[in-house]
Each structure stands twice: as C-alpha cells, then as structure tokens.
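Both complexes below contain chain A, partnered by chain B and then by chain C.
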Partner chain A sequence: MTGAEFVPLSLTPILIGIFAAIACALPGNFLVLRRQALIGDAISHVVLPGIVVAFLLTGAVTAWPMMLGAAGAALISVVLIEAIRRLGRIETGAAMGVVFTAMFAAGVLLLERSDTSSVHLDVEHALMGNLESLIWLEATGWRSLLDPQALAGLPPELPRLALVLALVIAFTWVFWRPLKISTFDEGFAQVLGMRTDLLGIALVMIAAIAAVAAFDAVGSIIVIAMFICPPAAARLMTDDLARQVGWSVVFATLSAILGYVFAGYGPLWLGGSDSVSAAGMIATVSGVILALAALFGPRRRGMMA
Partner chain B sequence: MTALNLATQNGLRPEAAEIATSPLAIRGLTVSYGEKPAIFSVDMTIRPGSMTAIIGPNGAGKSTLLKAALGIIRPLSGQTTVFGRPLDTQRARIAYVPQRASVDWDFPTTVLDVVLMGLYRELGLLRLVRSSHRKTATDALRRVGMADFADRQIGQLSGGQQQRVFLARALAQGADLYLLDEPFAGVDAATEKAIIAVLKSLKADGKTVVAVHHDLATVEQYFDHAFLINVRPVAEGTVAEAFTAESLQAAYGGRLATAQIDRLSQAG
Partner chain C sequence: MLFEALTLQLGYNATLVAIGAMLLGISAGATGTFLFLRKRALVSDAISHATLPGIGLAFIVMVWLGMDGRSLPGLLIGSALSAWIGLLCVQWLTGGTRLSEDSAIGAVLSVFFGAGIVLLTVIQGMSAGRQAGLDSLLLGSTAGMLFSDAVLIAGGGALVLMLTLLLRRPMSLVAFDSDFAAASGLNVPRIDLATMGLVLAVTVVGLKIVGLILIVALLIIPPVTARFWTERTEHVWLIAGALGGASGYIGAAISASAPALPTGPIIVLVAFAFFAVSLLFSPARGVLSSVLRHRQYQRRVHLRQGLLALAQGQPIYEGYTLRLLQREGLARPDGVATGDGQARAAKALLDEKRWEILRGLQAHEATAARYDGLTGLETILTEDQLRDLDTRIAAPREIAP
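Presenting the complex of A and B:
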C-alpha cells in the first residue's frame, strides 16, 4: 500500500484506535487490580442515554454537549445506585447491574424512538462506533502530515483522543505512587495521610473521560474490551506493576493495529468480499491476546495459585 | 524527671497531662457498623515507651479500635491525639501494620518495593528512589531476616515471610509509634520469635508499640501493658493490673474456663 492510499484512508482510523485503546488500558490496569474492572463496562453503558439526550437537545452530533450528557448520565447513575442500595437493601454489585442495564436499555429505546436517521447515531454505532469512517480526505500522502491545510481537515476525534490520552498518561505518571500504594494496601495509604477516597474517585473519573472519548469514536465494545483485556493479559506476563503497564500498552496497540488490518483485509484473505467491523475485530484480537497470555504467559501460575 | 511530672508542673491537670504526653490517647471513641456499636465509648491512654497488647474475644472491636483511632474507619464520636497533638500533624511518627489478610498478595510487586512504600512520605509523588532509600529498605529487611528475598514477588512468600515484610515496611518509616493489627496471626513459630525480638528492640530504643493480639497465653511474655476490650473498655494498665479475675471474666464471659482465668490472673 502506498502512502497516498494509506495516509488518507487508514492512518487516522488506526491512530484513533490506538489512542482509544491505550487511554482505556492505562486506568484499566488499576481498575483490574482493584477488582473494579466492570466500572469501564458500566460507564460505557450508562453514558448512552446521556449522549442521546444531548443529541435530542442540540440536534447535532457534536462532541462537547455529548460529553456533558455522558457526564450527567454517569452522575445520575451514581445517585441511583446509592438510592437503590439504601432503599432496596440490595448489595452494591446488584444495584450497579440493575442501573447500568436499565440506563443502557433506556438509551436504546430513546435512540429507536427519535429521528436519528440523518446522523451516525444508532444502536450499531453505539456498540461498534464508526472507526472506518474517520478518514482524512485532505491528505495526499505522508507529506500531508507537515501541511497545515491538510492537517486542518483531520477528523476531530483524533486531536480529541490525543488530548484525552495525554491527560490519562499525565495522571498515571504523576499519581503513580499513590495509585500503586492505595491499590495494594488502602489502610496503610490512609494512615500515611493519603486521601484514598479522592484518589479512587479521580481514577474512576479519568476512566470515565477515557471511556466517553473512546465511546464517541469507536463504540462501547472497544471500551469494555480495552479496560480489561490488555491489563489482564499484561498481568500474566510480569510480576512488576510498571512492566505490567508497559505490556498493557503494547497489547492495546497491537490489538488496535491487528484488529484494524484483519477487519479490512481478513475477509478478503479468506475469499470473502466484504470487510467486517474494525471495532469488533479490535476487541476480538484483544480477547485472543488475553487467551494466549492465559495459556502461555510466564506468570500464569502465580495468578491461579 | 518524667515527662508526666514536667507537664504537671506546667500547670496541666494530671488527666490532661497524661493525654499530652501519651503517644496515642483516645477519648469517647464509638464506632457502629449497623445498629449495634462495634466499640462503645472507649478511652485508652497508651504509656510512652510501652508495649501494649489490645486484648479481647472475637468481635470485641480490637481491630476496629485501631482503625477508628487512625481514621481508617470514621467513628460516630470520639477524639484521638497522637503525642498530644491532632493525628494529621503526627502522621510521620506513626507506622501502621494492617492485618496480613487485608491485602491481595498477588499484587504485581516485589518485597523491596513494598518496603519502599514505607518511604512514601519522604519520596512524595515524583522524587526518584536513590541508593540511600534502597539502603534504608534493605536495612529494614535485614532486621526482620528477609534481606535475601528483596527481589521476590510478594505472592511467593509464606504467611510468616509476608508478615515480616509488612514489619520491615513499618521499620523503614522510622516512626516513634508502631501500631500492629494481629501481627502473629497465621505465622510460624520462628517468625513469631523474630517479630517479638524486633518489637522489643523498638521498645529498647524508646519507641512505643501497640499490637492487637488474641493469644492470652503469650501476653505476659511479650508485652508489658494490656488493654482489655469487649466492645466497651474493660481494663487497662500493666499486664498484672489489667489481668485480674474480674476483668478477664468481664471481657471473655463464659468463653474462658475458670481454671484459665485463675492461671492468667495469677501469672499477671
């Protein structure tokens, strides 16, 4: 494939896929170790009605109102979970399950009943995103990367996800020690004087920002897969947290690239004529990587013991 | 002249003077998990330089007392002072060793790394770990006989070894007050001996040690002070003062045979 073909059609979707995957995988490492991995799943379900309501109010698929809608929906879900837990005397896990499913279902109903046919907003889009359509038509080749005019035509999802990824990396770097200590031994961290409650909320908020930004570009399937699969596979490769995070970035990147390529060309190699959903394939590849790590990872015994 | 005498001379009432000099003084501490209180209106005054065992039957609120005093659990009411000052100003002088079973030992980290966590207040968010920090950590590991295990993943250790690593982390903190939650739970005899030797050396250096303990038989041998609790405080003082037939009966009720009570109160 030449640069003239690759840069406009494949470079941006691959980069967006990689950024989304890493932005979710980084907080995913801590969420998995804290046994909170399903928070990523939860966020991606809860935000759907928020995004749809934002669309209905503004009548356009624009990023910031949708982010606000998503944040509002996340807030409402937290209040609902707490209310159900207290009033219904139901344990937190079950209350979460009820709220997430109900809110996602409400989002699906809202989508069906509203006229969203003119825009890319439907159930399939919510699940799979629309990675393949995030192309860069202004580009003519590798040299376009230095051409301000062409760069102005980049799909807005790319700079937005780059910004979110930078935020996630900065958070992980600055709060590395408190995150590590409080994830391992919360009581000890508290006696040191750490505000572990605020840190836990900050971690979930960073995860939510990553999830919402990624959801907008690549759909909820990738979000769920990337929060769990690369960190879980990485844990099977090493007994050191820093190395684990490194492996999770490698696996997230690998999933994004291989998933995109297999989705576009895999069916052709197998004699078919269509391509399949890149988001679905990226999530599948991350699952395969996790399966391989579970079978062959050097640290898999330690996990089972 | 003792600190207590000094404080009294400075015009403080004896009770206030005791609190001002106590490494850990608790007043009116009440914690409830549901409708029933876990601990109720507990006063406790730890003597400077003492080794105190917090003793009581299962569910008496021993761990809860420690956690609430340290702000890990939010109490319904009550105050804690550490060396006569608010807890928040004295955190650098406290080393806390949680129950071994309270953490996930599968966590991807090494023995040395866990001990380095004890230097967090010094290292802060971003300061680099220098060789002097590593030396502090290895010295602490040497004191508990775990220097050879520095690079091991913590999940590969036995229960006793894990407990020693936790103690080494506390030693690395270089604190003046050591609070341990069940340090002898599920450890081998050699580890128990090693831990008590380290705790006694801390006391010899003038540090204060408080440990939740549930083996009545070893209290007298290991500790010089005892605090008996069964939701409400029962007795406090030297082991001999605290271990009377009445207080043991009050703390343990029917759970101890009369013969046991006789033996313990006489030993005390």
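Presenting the complex of A and C:
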C-alpha cells in the first residue's frame, strides 16, 4: 500500500485507536490492581444517558457538550454507587449493577422518546463507535503531515484524544509514587499522610475522562476492553509495576493496530468483500492477547511458584 | 390505556408479552438472589454479554444449513453455548491465573461482546436482507413477537423457576456460608455451577424481551431491593421473585400502552423504581427510617444531658437542648427548671448514681456493660435489685452528736 492511500484512509483511525487504547489502559492498570476493574464497565454504560441528555439540551450532536454530559453522568453514577453502597449496606458489585443498568435503561428510553432521526445518535453507535469513518480526506500522502492546510482537516477526534492521552500520562507520571503505594498498601499510604480517598476519586475521574474521550471516537466496547484486557495481560507478564504499565501500553498498541488491520483487510484475505467492525475486532484481539498471556505468561500464577 | 394494558385487554400479543415478562421476572428475581447473596452479582454481566457471539454464529450456521437464520430456538441454543464458554473463561481466568474475578468478568464481557459485534458486521455483509432482527436482541424487542416465541419464553421461565425451587435449599446454604456447606458434605463448586446455569438460562430466555445488555438488571435489582425488607434468606428470594414478576408485568403493560416505550428499559426502570422506594422508605434499612432513628437517638441524648445539667444546677448553653427541654415543659426559656423538670432531673440524677454504684459491683458486671447513658436502670433490674442498690447510695444520715 502506498502512502497516498494509507495516510488519508488508515493513518488517522489507527492513531485514534492507539491513543484511545493507551489512554484507557494506563488508568486500567491501577483499576485492575485495586479490584475496581468494573468501574470502567459501569462508566461506559452510563455515558449513554449523559450524551442523550446533552443532545436534548443543546439540540445538536456536538462534541464538547456531549463529553460534558457523559462526564457528568459518569460522576453521578460514581456518587450514586457509593451512596447506595453506604446507605443500603450493599456490596459494590451489586450497587454498580443497580446503577449502571438503570441509567443505561433511562438512556435508551430517552433516546427512543426523543426525535433523533435527523442526527446520527443511536445505541449501536454508542456501542461500536465508528472508527472506520474517521478518515483524513485532505491528506494526499506522507507529505500532508507537514502541510498546515491538510492538517486543518484532521478529524477533530485525533487532537482531542491526543490531549486526553497527554493528560492521562501526566497524571500517571506526577502521581506515580502515591498511586503505587496506595494501590499496594493503602494503610501504609495513609500512615505516610497521603489522602488515599482523594487519590482514589482522582483515579476514577481520570478513568472517566479517558473513557468519555475514547467513547466519543471508538464506542464503549473498546473502552471496557482496553481498561481491562491489556493491563490484565500485562499483570501476568511481570511483578514490577513499571514493567506492567509498559507491557500494557505495548499490548494496547498492538491490539489497536492488529485489530484495525484485521477488521479492514482480514475479510479480504479470507475472500470476503466487506470489512468488519474495527471496534469489535480490536476488543477481540486484546482478548486473544490476554488468553495467550494467561496460557504462557511468566507470572500467570503469582508469587506462589 | 394503561389500565387496559394492566388488565390484559390490549390484545393477544400484549397479553402474551406481559405474561412472558412476568414469568421471566419471577425466575430472574429468584435466581438472581443466590447470585447476589454469593456476592457474585456481576458474573451475570459477563454471561449476558457472552451470548452475543453465539447468536451471531448460530445465525450464520443456520443460514449456511439453509434454514431461517432468525429462528429463535436456534439463536437461543447458540447464545447458551457461547455464554457457557464465557462462564468457563471467567472461571479459568479466576482460578488458573492470579487475576481477580472482577478483571476476569470485565475481560470476558468486553472481548466476547466485541467478537459478537464483529460477527454481526459479518452477517450484515453476507446477506443484508435477512439480517433484520439480530440487533434487536441487544435491547430486546417485543414488537411482532410470534406465538411460538412467547410460548418458548413463558415455558423457559417456568422451567427455570421450577429448577430454582428445587435447588433453593443447597443454593441458599452455599450463598450464606460456603464453608459450612462444604463441611456438611455439599459439593460447593457443583452447586455454584448449577446457580450459574440457572442464571444463564434466565439470560437466554430474557434475550428476546429485555435484551442482553439489560437482563443483568432483572437478576440484580430485585434481590437487592428484597434485601431491604427482610433479613431471612428464604424470604429474600420470595420477595425478589415477586418484585421481579411485578416489574416484568407492569413494565410490559406500560410499554404496550403507548408507542416508543421499549419493553426492556421500561421493565428495568420499573424495577429501579421499586428499588428507589425501598432504599428510601424500607422500615429496617431504609434511609428515611435510619434518619428518623438517628434523630430520635439525638433527642434522647440531648434530653438526658439537659436533665442532668438541670439536676446539678449547671447552666445550659446548647440551643437544641434548651429548646427540647422547653418543648417538653421541663424548663423555662431562661433555662430554669419547672416543677416537672425538677422531678425528671432528680430521677435522671438518681439513675446515673445507680449506674455508677452498679459499675463498682462484680455481681452486676454483665448489666454494667449495657450502660449507654440513656437507658433507665429500672427497665433492666427488678425492684429488689434497685432497692439493694439504693441502700448503697450514701443517703443523708443523722450526725451522731
């Protein structure tokens, strides 16, 4: 394939996929270690009512209000889960199940009741995203990367995700030590004078921001898969947190690239004619990586060996 | 319109759906109880999402064999098989590696769902015309349900309910205390597997009505709601079943009463409404009752401390205490005790003194532990015991010349 074909049609979706995958996988490392992996699942479900409400308020499918709506819904769900857990003395998993299913149902109902026929907003879009359509038509080849005029035509999701990814990296880098200590030994972190409760909330909020930004571009399946699969696979590779984060970035990148390529070209290799869902394929590839790590990973059984 | 729907007068199809949804709700509530009590509620989320690739594959296989790809029994068999594989994957990841169960659940649900979406796009590509209907299993759709489908759903729901009834004793034992169950000779892994099998059956049966994303709600919300009303396992699943059935029935009826009211989400929202009411108003664990209990406790503490202050002639500065004493007619606005107040204050002081003496006595050690600064000792001890205590209080005595 030549640059003239690759750059406009495949470069931006692959980059967006990679950015989304890494932005979710980084906080995912800590969520998996803290046994909060399903927070990602809950957040990605409640994003739907958030964007629907934002749409109803603004009357248009525009990025920033929707992201605000989604972030608001994520925040509300986290608060609700915590409130139900404490007020009703119910275990976290069940409290989560109550909140995210009810909010998702409310989102679907709102969507059905409101007139969204004129705009591209439906449940399937929310689940699958449309990575394939984020192409860069202005580009003519590799040279376009240096052409300001062509760069102006980049899909807006790309710089947005790059920004969010930078934020996530900055958060992980700045709070590395407190995150590490509080994840492995919360009591010790408190003795050192760390506000572990605030740190926990900050981690969930960063995860929510990553989820919302990624969701906008690639749909909620990838978000859940990338929160959990690359970090979980990385956890089976090493005992060292820094190396685990490194592995998870590698796995996330690999899933995004291979998933996109298989979805776009796999059917052609097998003699088919149409491509399949890239979001679904990226999730599938990350699952295959996790399965391989679970079968052959050097640290799959933990410390006992 | 809603009344007609609730009394099953909206026609044949709506009636079928309502009855099917009710049976589904009852069996989901009852089965979900054991999952919830075992603290594994979200395993059902992995199971339900893992049905999707099976649905896609079943469709492809059936078309390939020259059958109608949309045949519900075939799709349900496929979904059950892939959900079973998903469940095994969760158990393999949890047991075979050091990953925790929540990571395993999240990994399985997202990967299987992703694979299912891939298969759905494959189906879209292979025969666009015949694809219609598969994505309705994501969110459920009762419009144009066939009679045979409704019978299948109702029958499946009834069967699951029967199996739940049969297995309820071992399942509640395992859910309540798995170590004890194992010690009494029950095969805990096998019973867990049976519970999961029932959950899987509910999921598969519910695909058509509620859809695979929201079926989790029917398995989780009714048991959580029921937990607010009782402390007994055997009552939890009965109440959960009733709540699930009511949600299914009312939800299906509401959805039939007007257009653009999708059945699945409405059923879930009805169940959530039951939950919200219980969270707020249930007598034992509800928010309202615990606020009231807290207020009453606060009142008793302030009243008691106020009376003690009156008895010892100390001034009261605390506003709430002062207001409380006034409202009860025990003190005047300037903080001076009324006659009634003096009597109550003296009694409170006597009570404190009795407690103080009691704490010094070996024989009353158990009673002394019940001191909370609020309970009158006369509600615990007998007349004789009190009289005995009172002899130990240093009463004013005549001074010998």
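Just so we're on the same page, the second predicted complex is superposed on the first by the 292 of 305 C-alpha atoms of A that agree within 3 Å, B and C clash if a C-alpha of one lies under 4 Å from a C-alpha of the other, contacts with A are read in each partner's own complex, and residues count from 1 in each chain.
Throughout what follows, contacts are C-beta pairs under 8 Å (C-beta built on N, C-alpha and C of every residue); 3 or more make two chains touch, one makes a residue touch a chain.
Only a predicted model underlies this, so the values are computations on that prediction, with no experimental measurement involved.
In the superposed pair of complexes, A:Leu292 makes contact with neither chain B nor chain C.
Contact with neither chain B nor chain C is seen for A:Leu57 once the two complexes are overlaid on the shared chain. By the touch criterion stated above, A:Arg235 is placed in contact with chain B and with chain C alike.
In the superposition on chain A, no contact is made by A:Leu268 with either chain B or chain C.
By the touch criterion defined above, A:Val79 reaches neither chain B nor chain C. Greater residue coverage of chain A by touch, when chain B is weighed against chain C, goes to C. By the touch criterion defined above, A:Gln244 lies against chain B but remains apart from chain C after alignment on the C-alpha atoms of chain A. When the two complexes are overlaid on their common chain A, residue A:Thr284 makes contact with chain C while staying clear of chain B. Of the two partner chains placed by the overlay, only chain B lies in contact with A:Arg177; chain C stays clear of it.
Shared interface residues of chain A, touching chain B in one complex and chain C in the other, are 235, 302. Those residues of chain A lying in contact with chain C across their complex are 32, 35-38, 40-41, 45, 84, 87-91, 93-98, 101-102, 104-106, 108-109, 112-113, 123-124, 127-128, 221-222, 224-225, 227-229, 231-232, 235-236, 263, 267, 272-277, 279-284, 286-287, 290, 294, 297, 299-302.
Against chain A, in their complex, chain C makes its touches with residues 36, 39-42, 44-45, 92-93, 96-100, 102-107, 109-118, 120-122, 124-125, 135, 138-139, 213-214, 216-217, 219-221, 223-224, 227-228, 260-262, 264-266, 268-269, 271-272, 275, 279, 285, 287, 290. Residues 33, 174-178, 180-181, 183-185, 187-188, 190-194, 235, 238-241, 243-244, 302-303, 305 of chain A touch chain B in their complex.
Taken together, the chain B residues at the contact with chain A in this complex read 67, 70-72, 88, 91, 94, 96, 98, 102-104, 106-110, 114, 117, 120-121, 123-126, 153, 155-156, 169.
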